[in-house]
Structures are given as C-alpha cells and as structure tokens.
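Once you scroll down, you'll see the structures, which are given as structure tokens.
Both of the next two complexes hold chain A, though its partner changes from chain B to chain C.
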Partner chain A sequence: MTTAAVPLSAKSTRSAAGGRPDLGRIGRLFLPLALYLVFTVVPFYWMLLFALRPAGSTSLLPWPLTFEHFDTVWNGMGFRVYFQNSVWIALLTLLFVTFFALMGGYALARFRFRGQKLFLLALLCTQFVPGAMMLIPLFNIFQAFDLINSRWSLIIAETTFQLPLAMILMSGFVKNVPVELEESAMVDGCGRIRAFLAVVLPLLRPGIVAVGSFAFIGSWNNFLFALMFLNDPELQTVPVGLQTTIGENTVDFGALAAGGVVAAVPVVLVFAFVQKYLVQGMSAGAVKG
Partner chain B sequence: MAVRRALTPYALITPTVLLLACFLVFPVGSVVYYALQHHVVNEPYDDAFVGLDNFRRMLGDEQFWHSLAFSAKWVCAEVALQLLLGLVLALIVNETFLGRAMARAMVFSPWAVSGVLTTSIWMLLYNPATGVFHYLAQLGVGDAATSVLGDPDTVFSAAVVAELWRGVPFFAILILADLQSVPKELYEAASMDGAGRLRSFRHVTLPHLRDAIVLATLLRSVWEFNNVDLLYTLTNGGPAGATTSLPLYVAQLARKSYDFGYGSALTTAAFVILLFCSVLYLRLSKFGTEK
Partner chain C sequence: MSRSLRTAAAALAALGLLTACGSSGSGSSADGGKVTVTFWDNNAGPARTPLFQHLIDEFEKANPTITVKYVGVTSSEVAEKYNTAIASGSTPDVGGVTTALLASLTAQKALVPLDELLAKSALNGKLSANMLETSKAASGGKGLYQLPSSGNQDVIWYRADKFKEAGIEVPKTWDELFAAAARLTDKSKNQYGFTIRGGSGSGFQVLSEAYAYSGLASMFDAAGKSTVDDPRNVELIAKIAAQFKNTTPEADVSNAYPQMLAQFQANQVMMVHHNLGSTKDVRTALGDKVAGMLLPSGPSGSSILANPVDGFGLFKNSKHQDAAWKFLEFLDSHASNSYWNENVGQIPANTEAYADDWYARSGITKQAGDALNSPAVKLVQPPVHLPQYSKITKTDAEPNFQKVLLGKMSPAEFAKAVADAFTKAQSDYRAKNG
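What follows is the complex of A and B.
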C-alpha cells in the first residue's frame, strides 16, 4: 500500500513543520475522524461491557469483571457446538470458493474463449438475484438431494452465492501477475500447470488471502440459509444461536452480549489480519472489473 | 495439443457453471414457474396453473405497495448516507498521519459484522432501560425511556443508523481503493494550474472516482434492497408494519401462510424492478464511458 500523498496533506505538513498547530488539519481530519471512531467503537464497547459485567450492574466499566455470561452461552446455550459448526462450514466454504475462484479467475484472465463475455455477464447478473427470495426453491432442491439438515446444504449454497464475485476479484489478481513470467517458465519446459504452481501461485498470495477471507466472513455471518436448512440444534450455527438469545420473551442482555462477542471474535480477527489486502483486493477486481 | 488448449478454459469454469446452473439459475426459473401457479404448501391438492392471477392480486395488495415504498425509502436513505459518509471517511484515511493503519482497521471493522450481530449490538444500545439513551438522559440529554424501536416515528431512523454502522465501511474501502490509483501527476498539474483543494477535488478526484462510485452505489442498492437479516431480527417489520420491506414481506408470507405461488410472484416482480432500475441507472450515469 503506497502512502498516496494527496497535495492536501503535503501542504498541511509543511505548515505543521513551521511549528504552528495546524487548526485546519485538526478540523478537517482529526475531528471528523474522532467523531466517526466514537460511532464505530461505542457499539462494540457496549457489547463488551454487557458481556463482562455482572447482570444488573449499571457500571460503565466492566468491573467487577465476570465471565458468567460466557459460561452461560458457551456451556448452557450450546454456543460451543454452534461455534464448531460455524468454523467447519466457514472453512469448507473458504476452501471451495477459493479453489473454484482460482480456476475460473485464471480462465477469465489468461484465455480468450467463446462465450467468455456471456459468462462474465452471467456472473455479474447473479448479484441481482435476491438470495433471501431463493430460500424455498433451494429448500426443495436440497430436499430432493436429501441435504436438508446437513451442513452440506449451507456449504453448497454459500459457495454458489459467493463464487461469482470471488471469481471476478480473483481474475483481477491474476491479471496483475505479468504473463511473461509464466511464458518464460513454459519456454523453460514447464507445463502450464507447473508454471502456474511454481510462478503464479506464490505471487497470488495476497489475492488468495483476500478472497478466502471474504468467503470465510460471508459464510460465518450467514443467517437465513442456516435458519432455513438446518432444524437440528446440534447442527446450528452461531448467528442462529445468537438470534435465539434475542427471540426469548425476556432478553438476557448478558447472554446476548456474550453471544455477540463469540460471534464477532473470529470475523474481526480475520478482518484485522487481512484489512490491508482488502483495499488492494477491491482495486484489483471489483472496481476495474 | 491445440484442441486441448482450446478446451482448457471450459474445463476450468465447469464446476462454477454447474453450481450456478443447479443452485441459482434453476431456482430462479422455478420461482418464475411458481409465480404462475396457485401453490400453497399446506394445500397440496389445489395446485393449478393460474396465469397472471398472482400478479393481478399483487396490484391490488396494499401491503405490497406499502413494502415497495418502504424498500425504496430504505435503499435511498442507506445508499445516499453510506456514499456521503464513506467518501468523507475514505478521503480522511487516505491522508498520511500517525496511527493511520490503526484508525483504518478500527473504522472499517464493522464491515465484517453480520446483520444478526449488528442487531444484537444495537438492541443493547437502543434498549430504554439499559441503552445509551438511558445514560444520556441521566446526563440531562434527551428523554429517558425512549423506545426508539417501538415507536413508528423513530424506528426508521433507528434501523437506518444501525445499518449505516456496518455499511459505511464498505463504501469507504471501495472508494479508498480507487483513491490510491489516482495518478499523483494529475494533482501536481492541477496545483501548477493554481487549483485549490476544492477545485482539484472536483476536477481530478471526483471524475476519477466516478465509475467506482457508480458501481458501488449500484451493488449496494441491490444488496440493501435484498437485505433481510437486519430488519428481520431488529424490528421484524414492526411496529405495526412500519419497517416491512418487500423481501421481508415475502419471507413473512412464506412463513405464515405458506402461499408460495403469490410469494413467488412478488419475488419475480422485485427481480424485474431491480433489473429495470439498474439498467436505467447505468444508462443515466453513463457508466464506463470516456471521462
């Protein structure tokens, strides 16, 4: 990531170097940023607060610290099982989406073939299909394949819905790898597959990380498919578990918040790890199409 | 060898084509098919081809027009505010300052969060007994015991703010990605010509961002239109139907009355409306034309 210096900052740094406090920069940059940070962070803090302080407490600091709510959701409300299910489903979705996106993205970037435009158009059109409205036809199909109450229904549906955008993104990353590198490897006697594995794949690492993380986050967060295709509580996922803590007549705020923390931790960790690739990923694929 | 080479790309896209055909194209087709049927799941013996009856019923259905109007309002409010705030946020975190990486990570993080989790968090915040309004009232700001989610007058704004929280980062990330590809020479040239900050923003930055903005607003509009999980869990369409979007109406219809023929007609209508608006938008915004 380059430190793209827009002249705005160049100018203001100069006046800051002059020793005077730069009020313009504070008003233009840090004040709105601080306000936005408050808007972003306060909700997260509120959730942590409720998760960590005892029930009935009104303190604005999580003190005395307690883990009773985590015990309640993790052991009492089945989040341990939900968590494991979500991890497996998200990891397998990640694997399939990344693998198929690599294949298709490579085909789109490196070949000219009949029907290519049509295929690309179809990929874009999928974005208009209302996923939530596909629930019942999908239910019928999975029933026909005997996949209702199987985690495979979720993995298949998620993979299908995420693949088009992942593939467009991945083809952007492949295009960024100079084709000459591959050609010279093939001149040296490598087959296409070996040239790909030895030369292209290592250079695609940022793209693979970005696409894989999107897939993981998207699958981890899916709610409606899980609600619809899985009935057995033993198979349920974290978002549905979270919804059940809301759905009861009396809301246990501590459990709701602790469940929220359990739901947030994996995705926020993944996000923190990949956020610098995220910006590259967007400019490589989605925007430049 | 030549034949093999010609077949390679098809082999590579085959798994994707198969998946999309089975689990996307086929379901879309069956939705259109059901839309022309009388098909109520718990009355399996009544199924019959009824032509456009479901669509006729739709035109006279007040709740359909109501939910369509809500969806339009929801998409407009969300996308306009997300674009505005996302643009400002992207411009800010594109500047160089100490702690920028940290600030980026923090303000972008809600992007990773799901609808249900957003709901959980904002339910805690909005709750009249335990939420921020309660504490603000203790400080003398505002009214205690305001239930923003229970009041038809405030529920819309409350839902919009919750969705903004996780929607703005998406715009900011997309716009930031494009900001970094603006050639620096353009700014240098603009400042040589004596352009100030605002003018170089208007004449260099904005034109460069145009395609990204058009694409981002389009994709986001579609996603916001189709988004169900936040409204489903935050308000479930209430109070008194004040926040029932069109997809939510369809979902409720399917769940309560199992009238899948009619639900499919509504789905088909939503799909056609989305497609029409998108094509119109792309035409009007001259997407992809020379800048």
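What follows is the complex of A and C.
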C-alpha cells in the first residue's frame, strides 16, 4: 500500500469526522512552533524595547516611544559613519568573494588536475585556523603594504578567510549544472568563457546569492580585524562601534540596543530575502549524485 | 555585447569604486607645521569618551599647532590591541594605561620613562605621592612609566535609607558588617544584606577584603614569601564564605559586577562591595538612598589593597614625543584632572584638585582619597608587576573561590594555592630581574 504525500499546508487542523478542531494535532505542531517563536522573537523584542523606550524605564511596552537612543548612536556616537563603512566593506568583500569563488569553484568542479584532493583538503583545513592566530602575521603584511588603518586591510583579510568555504560551496553548485549544457554551447561555437557566461552563470544564480550572502554577513559581523586593523574612528565599523557602548563599569543599554537594531537590519534583510538560497547553499554537495 | 558580458563589465566597473576605500594613513604626522598626536583611550565607553573629547577640544584650542586624534578602545580589548601594536611597531603616541597593564607594556619596552620629564614639568610635586608609588611599583619599581591621572579605591555601597529604617549604624568592622547584613536579610522578600562577587573579578575583591581585615602591610614578607595564606586572611575568607546563601543570594557564586549592581539597584541586596568606578551608576540609579563606606577593618587594624591607578603612557615609537608630553601635562593639569575626576567620580592625581569644591563635597570619594593619601594608612601593593598576576588572581583564583563558596575547597586551601603561586612567581621574577 502506498500513501500519497500530502503537502503540510494541505493538511487540515480539523478532524476527519467533521468541523471540530484537531486539538492533538494543534498541540503537536503549533505549540512547539509557538514556543520556538517566543524563544527566537523575545530577544529581538527585548532589543527593540530597550531601543525605543526612555532610559531608566521598566515598562514592558515601548511607551512612551522615543527615538533618542537612535539619535544618540546615529549622530552622537558616529554610527552613521560606522554603518557606511560596514556597508562598503561588506559589499566589496561580497563582490570579491563571489567573483573569485565563481572562478575557483568552476575550476574545482570542471577540471581534474594533479593534487586536486590535496588542494580541497587544504581549503577545508583553512577553516580550522582561527583569525586571532593570523593577527600578527596579517598585521605585519598589511603594515608592509601601508594598509593598516585602511578599509582595504579588512576587505582583503575577509576575502581571504571566506574564499575557501565559498569556493567549496560554489563548486557544489557548478557540479549541479549538467556539463552537457556547456558542451552543447561549445558545439554551437561558444568558447569556454562564453559558454560559462551564457549558460552556466545564469543557472548559478542561487549559488551566487548564497555565497554572496554568506560573504556579506561574515564581513558585516567581523569584529576582531576591524578592531585591530583600523584606528581612525572615521574608518571604524558597526561591531566595533557597538562595543564602545559598553564601558568597564557603565553600559548604555539604550544606545547598545539601538546600535544592535542598526547592526541587525542588513542581516535580517539578507536572511529575509535570500533565505531559500542560503538553505540551498548550505546543503549544496551534501547529497552524492 | 551580450547581457552576460555587460554584467561582467559592470562588475569590473564597480571595482573602480574601490578607490573609495583607500588608506588614510596612520599614526602621527606633521602637516604644514601642525603635528598630529594619536591618543588611544584604554577604556572607551559612553561615560568616558565624551569627557576626553571635551578635553581634547580644550587642548587643541590652547595648542593650535597640535591635533589630537582620539581612538577609543574598550577595556576588554585594550591589552590585545596594545600587544598587537607593539608586536608590529604601530603603537600610538600616547595611550591610556592602568597599572594592571603596565607590567606587560614595560616588559615589552614599549614606554618611555617619565621620571625626568616629570622632574622638569610644572606638574612636579603636584601629583599624589601614593599614586606615583603605585605606578612605579606596578612596573617593577624601575622607574615611572605611567603618569597617574585617577585613583580608584574599593568601597562598599550601602542603602542608607534601609540602614536608617532599621536603625543600623554604618559598620566599622567586618563583624559589624556581617551583623548588619544578617539583620537586613529577609529571604521571604528576596532581600539580602550583602552580596559576594563569585564571578569575574572575585579574585582581587576577596584579597582586598582579606587585607582590609588582616591589616597586613605587604603581600610578601622579607623573604619573598606571599602573605596571602596568613591565618588572619584565611579567617576573613572563611567569614565571607559563611555569608553565602545566608545573607547573600545563591546566584552570587557566578555573579560579576553587572549582576551585583543590578541586584543592588533592584532592592535585592543592601550592601555591595565594588569601587569608585561605579559611583555614577549607583548615584544615578538610587540618588540619596545610597551612600558609600570604606572597607571595614578587622581586629588587627585595616590596610588598603591598592586599586589599579589609571593614567597615561608615552610610547617609545612616538615621533612627536614633545607634543605628546605636552598633551599629557595638559590632561594632568589642575583644571583638566579636576574636570575628569569629578565626572568619573574618582580620586584626582593632581593634589591641587583636593581643594576644589566638588571634591570637598564628594563624600565617599574624598574619604577614599584621604585614606589613599594618608601616610598613616597601610597601602598594600598588589604584585601586578608579575607576568603571572592575572593568571593567579583570575584564571586560577576565581574558580577556586567558587569552590570555596560551594564548600568544595577550604578557605585555607584556597589561600595557600594563591600564596604558593605568588611566592613562586615572585621568586622567578627576582631571579630574572634582580
């Protein structure tokens, strides 16, 4: 006997007998989901609450509503500049990581070369090296090239650290594109580059979005490199700015929360709009085909 | 051109925008006779950064040829930032340096000795002698590598209103304090008389309580053996541990300063041991309901474990040391030092500020300052010059103190472990440095 698969959304929460709600099913499905929702939403609510209520208020609702904390962090504490810096650095990291990951990932997926497995192993092993361990060598290299206190140092460091994983992910996406499509294009007269641009690249859109999103978020959240490589407040990024709301003995919770909201907005937007690609990206190459 | 090629061309054009991310240079510079001095604040945050910005504005107005570039570094990250900068030769001209950081910086030979500069300065003779002594001791007694700006002191904040309601006098001895804590404890109302720091920072705190009780004048005897395991210190540690869960909340075993302060502000505890650094927090939260007292004494009299002194260091790599020193002199001048310490609630290093009105009316800050600067008070120097100091007082002592609170380690064992580690570290230090 076979059972037809029924989409989750098509299953009713009402019993088969009639219109009575299926309480058991509601309890099994929706209660855990509701609990999980509370678990994930409450921290965000708490952050918004502190950001939107006046300092010293203990109200559980953001009332009276105030935007003074946003004004403090955006204008008073320099988050306007930090935000712009973070956007620039994250976007350029995204661009570099995606570009090089496309080239590297394509090569890994389509060519066989001596030491390929060793190279893949090396790419994986780079993920085990913590950024803090590379700090002094990176610092010395950047100093030699006069890149300390330059946004370039962050972009280069972030690109370097993110590229191995991005290449592995991208090679998984490329492998999912049938090689016959490229071969057909080449039979029709395209060169390899033209075949890649005209045939493979459009099909890699989910991979590009996934890899780019990971690169953006990784760069956006990076704290250590920004703290170490940038000294000028005019060049600093949002994570370092957030840290300055916490003094040794004093924490400006309103500013911290408002800064947290500012820091979270791009990440939430990225997750909201490209979530499905991210899931694909994480599982790319997971199934042997 | 195909659409794909156009896309690729657009991406390459976007690379052209990378020029927007060019280097802005670093460190100090001279431009048309103007000198830029880079200053790293070692404890940037919402309370201090605006004060420094004000002082820098004032300095630049008075010295139009010098520009000061402020870089805020938070206290939790400053050691790593300095160490990286030293390793790569990119230190600032001037940096905020507490005595806790001093040993590491002087060991790496990153700072300029300030003895001669101070001797020739208008500040000579105007800085607290005890703070200068603490600064010198913190760098191993080999000279002055920190220009002190603020003294801190351990104090106990207490709910003056609750004490008054219960008719309790301000305790002068530890036994009186424990008795007051017991009277103010009402577990049914989730109200406790005292709170113990069991989490981060507990190592220094319990030692400062122990020495205030024992009255010992030094952390080492003449032979270089640590006095931490002196029976009088052990006695107080045992008394503190006995308060756990009786007059203190159970959560104290892992509580650090923020949690302790939150309990104090939420009426859950009536006394909290911290230091002058929290003056602004407690006053803002509780106003006149809160007052401060110095640590009580024990049967043998009282001593004070010197708190970290905050101040400034002049870095060897600085290309504009004259301008940098001028900036330091300005920061420690009477007006600047008074402004700074009034706002952070700490003890001024510049003794001329002691005549200022705000200081005379500051209550606990003046009390702590008087004690710190009194020749009669035994000021015990913690051995921050030892490279292992943080490991001993934090990494090793803090989990052990939690064991003491939980009854898994005796106070004597705890004190002996700390003492043995200090003795060995001091012996190693002497063997290496003479």
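Quick notes
Definition applied: the second predicted complex is superposed on the first by the 254 of 289 C-alpha atoms of A that agree within 3 Å, B and C clash if a C-alpha of one lies under 4 Å from a C-alpha of the other, contacts with A are read in each partner's own complex, and residues count from 1 in each chain.
The definition used in the following text is that a contact is a pair of C-beta atoms (placed from the backbone, for glycine too) under 8 Å apart; a residue touches a chain by one contact, two chains touch by 3 or more.
These numbers come from a predicted model, not from an experiment.
In the model built by aligning both structures on chain A, chain B clashes with chain C.
In the superposed model, A:G207 lies in contact with neither chain B nor chain C. Using the contact criterion defined above for the overlaid structures, shared-chain residue A:G172 touches neither chain B nor chain C, since it reaches no partner. In the superposed model, A:Q243 lies in contact with both chain B and chain C. Once the two complexes are laid over each other on the shared chain, residue contacts for A:S150 go to chain C alone; chain B is not touched. By the document's definition of touching, of the two partners only chain C reaches A:A255; chain B does not. Legend: residue contacts after superposition of the two complexes on their common chain; A:N140 is shown touching both chain B and chain C. Set against each other, chain B and chain C touch different numbers of residues in chain A, with B touching more. After the shared chain A is superposed, the part of chain B among 5-13, 149-157, 203-211 or 275-283 that runs into chain C is 149-157, by C-alpha clashes. In the superposition on chain A, the residues of chain A touched by chain B in one structure and by chain C in the other are 135-136, 140, 243, 245-246, 251. On the chain C side of its complex with chain A, the touching residues are 2, 4-5, 8, 11, 14-15, 18, 20-27, 38, 40, 43-49, 69-77, 80-81, 84, 87-90, 92, 257-258, 277-278, 280-281. Residues of chain A touching chain B in their complex: 1-9, 11, 13, 29-30, 32-33, 36-37, 39-44, 46-47, 50, 58, 60, 100, 103-104, 106-108, 111, 113, 116, 119, 122, 126-138, 140-141, 156-157, 159-161, 163-164, 167, 192, 217, 220-224, 239, 242-243, 245-246, 251, 253, 256-257, 259-260, 263-264, 267-268, 270-272, 275-276, 278-283, 286-287, 289. Chain B meets chain A in the complex at residues 6, 8-10, 12-13, 15-17, 19-20, 22-24, 26-28, 30-31, 34, 85, 88-89, 92-97, 101, 103-117, 119-125, 127, 130-132, 135, 165, 173-174, 176-182, 184, 187-188, 190-191, 197, 200, 211-212, 215, 219, 222, 225-229, 232-233, 247, 250-251, 254, 260, 263-264, 267, 270-271, 274-275, 278. Partner chain C is touched in their complex by these residues of chain A: 77, 88-89, 92, 95, 99, 135-136, 139-140, 143, 146-152, 155, 197-198, 201-202, 227-228, 231-235, 243-252, 255.
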